[in-house]
């Protein structure tokens, strides 16, 4: 009977919260349309941002997916150089676990620090929307790089390479390796990785084209970017599909793990391997010929470009609308904002191809 | 080289709140069996733990073969040739009998410190056979009964061929036949030159075995006598400090209508067809050897472990006791055997402990009320005469007797008809005992029906109107009035298997 | 007759006892942390910032409240993170299937309750399995189910007003803070002012004795685990509202953060000791610590270490105190 | 109390041995049951999988399976000791990562160092971690789950700090080092040999040394242990040290096997290790646990990890299935245990 009392109490509070939620409609709206929610208080900050955005010495922040990831470290490095070339201060952040929750907290922290812009490599395309919206309301320029956030929550996305291009290149590469026919499989990261999934979609589309009719995609496996899981997934692929011709692994951990398995099983030339990987991780297998070649863009450049984009956004040289043009330091000055669905993005260029000829010079860079 | 193999002078051991040993003396000659007697709580067990190095004495000296020794841990005692059979069997239920016997002094190969299982098993089997046990040394300890585990304990002591063997109430759970067996072993050991300290409640044990007897009372040293020089009466006086009859207050409760009847109660593996009835104002005793199933019967009556056969009729209507709360609600109260583990929350104050069973009744819509609680706690604590400063004193700070009084107070919070008391005076000093008996009589006078479970013969004889004697999970005798006698009870409690078979 | 004897039933107030409480330790640490943060970052001491920071870490704090009860019982529940995910995913899935939002939310809470009930039943029915193992298994299962339901999709597109839970304000106060305060008060009363609360302490101290005193141990345990499931679902609501969408992998590792907060709050891991207020302080202590260090952009791994050491220290200090007293008692 | 026991003294020899026999059969049957049941379960699973995918029971696949399970099974040994003493260790994943990272960096900086030396180094690091942990648990008496939880964070953080977010990748490691984890001896992978070796040692240690038995004693009844002159604190500490050492070694093997060291190596791995033990019949209540059981448990988990991909279970179902199998195994154990106790009661003729 006492318990009932408590349950009723809790239920009551809950009901209250529900009512509060419903009645709080306009509050919610405020949250999501331009006007700041916390009274008129923060509108001055917007203008303030606008003013000081002109002169340099602003703060430029970047949030990567998680720490301890060389790919990300390099990207941040590039971002850092770009921002400092502009004489601005840089803030680099990354949570210890690749979760959206952690990134939301970091965005909050950055808003508090009144940074001029936030560049983010998202762990979740949609989950960051409210937080980033809030940032924009606070007058902060938001852009995403590497893996995008949805169009509504960014000014522009800095794309390492056109997904279509990546997908197409990978398929072309594979078909070249296996002579245009045979079974292939894909070893992806987690089943949730947004950019992975888009690339896979593209690859499936491309495979439908007549020139690749003889190539059969037998399975998409998920290694969760864990060494052990990727390994056993690869082994499973090899066993379940004895006449598998090639594996495409568009993820750094996956491709390295696959390379290791092929090496240990001595399947050089029997099963081809390509995908997207870090030169440092893959050098071993490219030199040994397990993986004839693989692709990746230069994360340093991605970060670098993001740095300049952020600066351009803050300076107001671009607003992220179609057709804006700006220059990005050593990368040249012919970058244009192009369409990405209903949102906009900036393209770094075609993915770079690593093979035995050039791997040596890159393997110590990143 | 002194004539004594073991000598303890002025040993004192203090626990928070209790003075467990107060300046006691003990002298042991080689090749003698020396009985150590005294009531529960007289400090015997503590004394043993001091000798075996489990506890360290606060004061006093211990001489082994005339040399002062000071054991920091049980191993040193063991190496010095002292082995103990503890009252509460201390075993490893998950391990084999062999391991239980040899734990701490395994046989190991000289070079590689490998355990020599074969030898140990052989040795264990030998010991067990010597003790006439029927189970294999590879059996898992948890699979054995209390008596069997007791035998393993003895084997453990034998396995270190000890010069001094301490037996702490080894016969408590044994039938006469088993006891005989034990006597024989003890004598063998004595003749082999070992000295034995023999602790027991049973006079027959002492007369049968011991040549000397030392008595403790209220954790003090009373004296040492030659067994053939001291009479039973004198001994009792020495143990309890006064004539045993004075130990029990006159009870003036008039017996009313029947309040509880139990018919053919049974629980697989513990007891079967238990039937008795209880009337208001009546005090009945439920006795028998440790493990004869009396505690289990009470557990079932109280709903701790539901019974699976028979029925319980309380105030004329059949009740199914499935949970303690439900039993208490229907009017059965229980004072459990182990007040530390089952009776009290030691880290709580007296007051909180007292009110715990009846919080609901003195709460408003599930919210507690401090004032009501303190009032109730104060009232009851004073009623049972707990010796303490405030009702906020921690239960752990009280002496055994006062702790027991607090547990009594818990019973008084709810209105009950039947109160079951399991070993109500276990480990309680004499003074407190008397007070507790008074409480019991008062309760009887107030019309409660009372069941006392006890292995203390005098208590049963002195307090109860009727006595139900149990053995091996059955009631083997119903005694009342004048024919309640030590002899009758013992006879029923330890009849020979043959007769018990006949009763099946 | 028993000699009459008078026991004092008023405990004279003693400042010493009052200040020798773990909570004061926490308060001091809390103040210290704030002072530190103020010196470290000029952005720290600013109402809006602190308020938004709270909105950042309060979501998981809803679970802390019932976890206090569970750990006072002497148990532990490491499946809460998964319950958050599962209930949130169920809600999102239902909503995308066209179930009205309010109903979906109620079902979400119901799901939480069911999960908690399952935990409780298993723990009560199989006492030989410690709650660690049971909840370890259910932790994996619950999240597994979440994956089965939503696979790799993210479900979202909730009605506008729903985001109010995570981002809305009532006047100057974040709604989430308001909700937390209400729940905190409820749980405070439950633990310290009700019979149930007292009985929870009793069980944590000595389950056996409580049983002999007629405390319905099993039912209370189940109830408490159900509470945990319910509050986990509540967290699910607020977290989803904050993220505007949900995935099967949200709230991973929450259980550990929550347990850390409870332990830091001075709740004895052996059960039976500790107070609600301590845990509540601990929530804000850790929250503001993280936030402050975040403001000066400390590396995440550094944060890991600091939290870990804080946790160890928190349990170490009282242990050492006890050890000393025990030494005094021993011989 | 039991009439059988009372009668036992007058029992002629023949009857006694009779009694021994049937008692031994009961208890031995009970003791064996868990392992047998588990074995049966595994075989059943294997058959089912084989029907789904014939490539399961091939020499190659089994070899892979065992190789991938080797590290898990090594850790499971240590975890068994910890759980037998009523503890649990959540920090092994982090310890593994830490020792793995450090030894990998050593290899990359001083290629000339001999792999076995690195193995020792890693083990040493593990021992140190374990020692610290053991101190917290045994000497100070912090509840294991909390202590290990805290240290898990610390070790993980240290790993990131030391590596400074970088990975050590294949080309930075000497072939001799990688050979440690991938090379074979008589067509059988080194890891398997190492695991076998460790199991042999553990078998001897647990079964035939005092210390080993004392671990059981402490787990079974700490108070009795103190009375028989065992120092529970010491035993407890030792257990965590061993656990640490094993995870340290596992770290080196892991890095060598996958030819890469990351900051987040083996995060969450502790759960599968604990699962392996629990499935293998190690009782959380302490005192109970057999190597054979743990080995089978590890193999069962290995099979799950290896087979789920093989039989094309959707990636999203895998977690749920794993959890269910673990829970099922745990409940089975509990139920069996109850059967045992009932057996003991039935032996009483009352």
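Each chain carries a letter (A, B, C and D) given by its place in the written order, and its residues are counted from 1.
Going forward, a residue touches a chain if its C-beta (ideal position, glycine included) is under 8 Å from a C-beta of that chain, and two chains touch if they have at least 3 such contacts.
Here the structure is a predicted model, which means the values were calculated and not measured.
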> Between chain C and chain D, which partner chains are common?
Replying inline: A, B
> Greatest Cα-centroid separation from chain B: which chain?
Replying inline: A
>> For chain A versus chain B, what separation do you get between their C-alpha means, in angstrom?
In response: 72
> Using the average of all C-alpha atoms in each chain as its centre, how far is it in Å between chain B and chain D?
Replying inline: 42
> At what distance in angstrom does the C-alpha mean of chain C lie from that of chain A?
Replying inline: 33
>> Could you work out how far the Cα centre of chain A sits from that of chain D, in whole Å?
In response: 38
> When you check chain A against every other chain, which residues touch at least two of them?
Replying inline: 2-3, 6, 66-68, 96, 191
> In chain B, what residues contact two or more other chains?
Replying inline: 360, 363, 366-367
> What are the residue numbers in chain D that touch two or more other chains?
Replying inline: 156-157, 159-160, 263, 316
> What does chain D use to touch chain A in their complex?
Replying inline: 53, 55-56, 58, 60-61, 64, 68, 156-157, 159-160, 163, 165-167, 169-172, 182, 254, 258-260, 262-266, 269, 305-306, 309-310, 312, 315-316
> Touching chain B in the complex: which residues of chain D?
Replying inline: 1-9, 11, 16, 19-20, 23-24, 26-28, 30-31, 204, 207-210, 213-214, 216-217, 219-221, 223-231, 287-288, 343-348, 350
> Can you list the residues on chain C that touch chain B in the complex?
Replying inline: 1-11, 189, 193-199, 202, 205-206, 208-216, 272-273, 329, 331
>> Under the stated contact criterion, what part of chain A meets chain C in this complex?
In response: 2-3, 6, 9-10, 13-14, 16-18, 20-22, 24-25, 27-29, 31-32, 37-39, 41-42, 66-68, 91-97, 99-102, 104-106, 108-109, 111-114, 124-131, 134, 190-192, 197
> Mind pulling up the chain C residues that touch chain D in the complex?
Replying inline: 76, 122, 126, 128-130, 132-134, 136-145, 147-148, 151-152, 248, 256, 259-260, 263, 269-270, 299-305, 307-309, 311-312, 315-316, 319-320, 323
